[in-house]
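Paired with chain B in one complex and with chain C in the other, chain A is shared by the two complexes that follow.
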Partner chain A sequence: MMARLLPTLAVWAVLAMLPLLLGEWELAMFGQLLIYGIVAISLAFIWGQGGLVSFGQALFFGAGAYAMSLTAKGMLPGIPASPWLGLLFAIAAGAIFGALVGGALFFGKGLRTAYFGIITIAAAVIAERVTTNWRFIGGFNGLLDVPPLPLPGGLDSADPLAGYLLVLGFALLAFLFLLAVERSPYGTVLRGIRCDERRIMSLGFFVPIWKVVALALSGGVAGLAGGLFATQFNFVSPAVIGLALSTEILIWAAVGGKGVLMAAFIGAIVVKYMEGYLSETIGNYWLLVTGIAFIVVVVLFPQGLLGRLFKLPTPYRLRGD
Partner chain B sequence: MGPSVTADFLNIDGLRKSFGGIHALQGVSFSLGAAGIKCIVGPNGCGKSTLFNVLTGVLAPDSGTATLEGNRISGLNAHRVSRLGVGRKFQVPGVLSDLTVMEHMEIALAARATGGKVWKTLNWRGNRAESLAMLADAGLAEYADKIASQLPHGIKQRLEILMLVARGMKLLLLDEPTAGMTATETQATIDLIRRINQTTGAAILVIEHDMTFVRNLACPLIVMMRGEVLREGTYDEVRADPQVRSAYLGDRHA
Partner chain C sequence: MTLFGLALDAMNYTSVLLLVCIGLVVIFGLMQVINLAHGEFFLLGAYTVLVAQGVGIPFWLAVPMAFVAVAIVGLLCDAVILRFIYDRPVDTILATWGLSLAIRQAIVIVFGAQSQQVAAPLTTPVELFGVSYSSYRLVVMLIAVLVALAVFLVLYRTSIGLAARAAMANRQMAQCLGINMRRLDRSTFSVGAGLAGLSGAVMAPLMSVDPQMGMGFVLPAFLSILVGGVGSPVGAIWGSVVIGGSTTLVSAWWTPVIAQIVVFLLAIVTIRFLPSGLSGLRKR
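Here is the complex of A and B:
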């Protein structure tokens, strides 16, 4: 039983020790990879547990990034310019957008499965258009000079070590939060909805609410990642809210393994890292290689490459022996 | 057929439902006492499935009412009917194919413990002991950790009935519960139905074609024909009824 926990514990231990092994520049880059890891687990949660394939996860991520930037830069009338308040708003914005997309879908008669995917694509494209053309939030150029999060002791998250540890802390929190939800009886019911929602409805669960809550939780975690992105990259642009990033997030989760949070997390880090490496070595062909690798993995390993490795033991209350 | 004021457990009074020109239910009325069992028989297209759809909130009737313990259940949403204690077992095995048997039990027990509410379910701690006890009672203990899609057909059907019991349903609607079963499995299902009825006091309404099942269950029958109740009575009474015989054999000789 303990052996099944080891790979997951090892990942966190290695991530915690990275500052001892890496230089400042690499550490900052790795911190950015962790942010992609957070948004990947937010998708793995609704996709793997609830069976909702979202092609618009960047919508929630982008909503968080813009909420963070606008608040931290003091652009919202009557609201103090505070990065920490911005991060809170980022989570809220992601959750609200998640709930809105969910509400529109599930209370509007029976938009299921493929239709859900199509609507999320449309929502992401619309969001990209709106942000590109809206002057107040920077239009095509986005918003620059988003301040870092101030930390005790006169530090802030622009410091490579402090910034890395901060992001790592939030990644751990997001992971534990979604893990707790999926291992609770709520998670069991959500998996039931994935299998057959009519059956779950006939047992007395009002399924639309369950899906809206799942999307709000997922959106909130994606919004957190977006907020961290804005503050760690110091800028936000329409590229973070559109279809391109949404597709990337989908690839990370699928390659790692959508059914297991840690698998999706590592999937994001590895694929994003490989992308950087490939684009340096083979230039524009990197996209081709990533695409082919994605197709091969999805065809040959529907559960992802790492799902089996990182699968945690079933909670005791769900074990028969 | 008594008037609708009788204090029976389940009262069905004048239910009508049409789909365009097809009159699936043409004023169906009958009642079922607390902890009663009745079996509905009738040829295909006689309105049995439409009746179950109305009783579970899948369809709203055009007119007429169904009440459970005095509460109207006809015309309510499916999850509301379910919360009032009406559970349905579909004809096709309705297990959740990639979930384990223990997960099935947790979902059913959660629905009872939390009333199907999101927040309460998030905070609910589960009930492993009760899951295991119920599985043991139903003879399914050895399957606890199995994935539902790998279960034998008969076990799937019994798991589904067991979920309704775990949910705490007061009225079980079983739609051809032994379809596709072997004789042994059918007998095991009859035993399970009787035991559930005796230990939980749940009332049970069964749709079934299999006459061996109907005879062995030995409960009052309701014969439906063209959207109406043709006859109620015991197995022998119904079999001897000339109207039922002519309905089943065709109208030419009547």
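Here is the complex of A and C:
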């Protein structure tokens, strides 16, 4: 039983050891990769557990990033310019956007899963257009000079070591949070909805509200990642909210494995790391390779490449014997 | 821009949108495949014309060539990718999404990311009820309407069309009645792809030909078929009239950017409240 836990524990141990092995520059880069990992697990949660394929996960990520930047730069009237408050708002913005999208789509007659995908694409395009043309939030250029998060001891998150450990801590928190939800009775209902919505409905669960909550939780975690992105990269631009990033998130989660949070997390880190490494050497061919790799994974490995490795044992509650 | 000119523009956009939609709606209705690579088939059609013109083939020969070339690409995609995932509808969205990324990037690698021009075969404007209008645009409308008509004739007046409509209504029952689904799926996907290629080919002289041009069409086309109602090919007409018309009108009023935002939002609201589209209205 413990053997099934080993890969997951090993990954966190290695991530915690990284500061001892890497230089400052690489550490900062890994910190950014962890942020992508967080948004990947937020998609894996809604997709793998709830069966909702969101082509617009960057919508929640971008909402978080913009909320963070606006608050931290003190652009919201009546609200103090505080980065930590900004991070809180980032989580809230992601969750609210998730709840709004879910609330608008899942109540009433409801929407078929396949249409949900198309509509999220349209929503991502709308969000990108709006942010590009909204002067107040920086328009096409976005917002620059987003301040880092201040830490005790006079440090802030712009320091490579402190920034890395901070992001790692949030990644672990996000992972444990979504894992706890996934393994709770609520998670079981969510997987039931994925398999057969009507059956869960007739068991007495009001399905729309469960789906809205799932989307809000996923949006909140994506918003957290967006907030961290804004503060670690020091800027936001419409590129963080649009279709291009949404597609990337989708590919990370699919390649890693949508059904297992840890697999999606590692999928994001590995794919993004390889992109940084390979796009210099093979240039334009990188996107072609990703596209083809994505098709191969979808057709041949629906559970992703790492899903089996990181699969955790079933909760005690659900074990038959 | 007079009102009449505006109406012509709206009809022009609508008819091309319809041409793109027909392929989508038949593929979706028959195979339950959401083909996100449809925009890239459009793109391939435009680039076929570009290449053909480059080697000196006349435009009007290049258009049917585009249809055939893209239909062959569609056949290949079906054989290599789609037939393995027919029974997993959500995965077809993802696989065709990957396909669209790969095709777009392949075009960037071969032709470069810059936009290119295709010379229009007709350049003299014509006088129409006091409005001077591009004669090529009128020809495009005519082609789109004729092709759409031909597709509807095949669907509603031939035995192949009957089989296809039977399969749309009830796939399993159609199979029990001895319709060869494998062959029907394959030819549907290939013809649908070919139609997208054809639309790309006729639109090439009117747009700047660049690797992103397909993206601008696939999303409005999808929203059109959802607004029109995916169950019926006729719904595609209603959908493209609504989406095409409103986009043209709003962009003339304000800007194309606002038009896109407004029309997409309206489409989402429509789909939300009428899951079976405008054609579902009559049945109630």
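Operating definition for what follows: the second predicted complex is superposed on the first by the 320 of 321 C-alpha atoms of A that agree within 3 Å, B and C clash if a C-alpha of one lies under 4 Å from a C-alpha of the other, contacts with A are read in each partner's own complex, and residues count from 1 in each chain.
Rule of thumb we're sticking to: a contact is a pair of C-beta atoms (placed from the backbone, for glycine too) under 8 Å apart; a residue touches a chain by one contact, two chains touch by 3 or more.
In this text the structure is predicted, and so the values were computed from the model without any measurement.
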item: When chain B and chain C are modelled together on chain A, clash or fit; value: fit
item: Partner chain in contact with A:290 - chain B first, chain C second, else both or neither; value: second
item: First, second, both or neither for A:4, with chain B first and chain C second; value: neither
item: First (chain B), second (chain C), both or neither touched by A:247; value: second
item: Chain A: partner with more touched residues, chain B or chain C; value: C
item: Partner chain in contact with A:189 - chain B first, chain C second, else both or neither; value: first
item: Touched partner set for A:202, first chain B, second chain C, both or neither; value: first
item: Where chain B and chain C come nearest after superposition, their Cα distance in Å; value: 10
item: Chain C to chain A touching residues, read off their complex; value: 34, 81, 84-85, 88-91, 93-95, 97-103, 105-106, 108-109, 219, 222-223, 226, 257, 260-261, 264-265, 267-268, 271-273, 275
item: Contacting residues of chain A [partner chain B, same complex]; value: 181, 184-186, 188-189, 191-192, 194-196, 199-207, 209-210, 213, 314-321
item: Residues of chain A touching chain C in the complex; value: 51, 53, 55, 104-105, 108-115, 117-119, 121-123, 125-126, 129-130, 132-133, 247, 250-251, 254, 284-285, 287-288, 290-292, 294-295, 298-299, 302
item: Contact footprint of chain A on chain B as seen in their complex; value: 56, 78-79, 82-83, 87-88, 90, 94, 96-104, 106-108, 110-111, 114-116, 118, 121-128, 132, 135, 141, 144-145, 163, 167
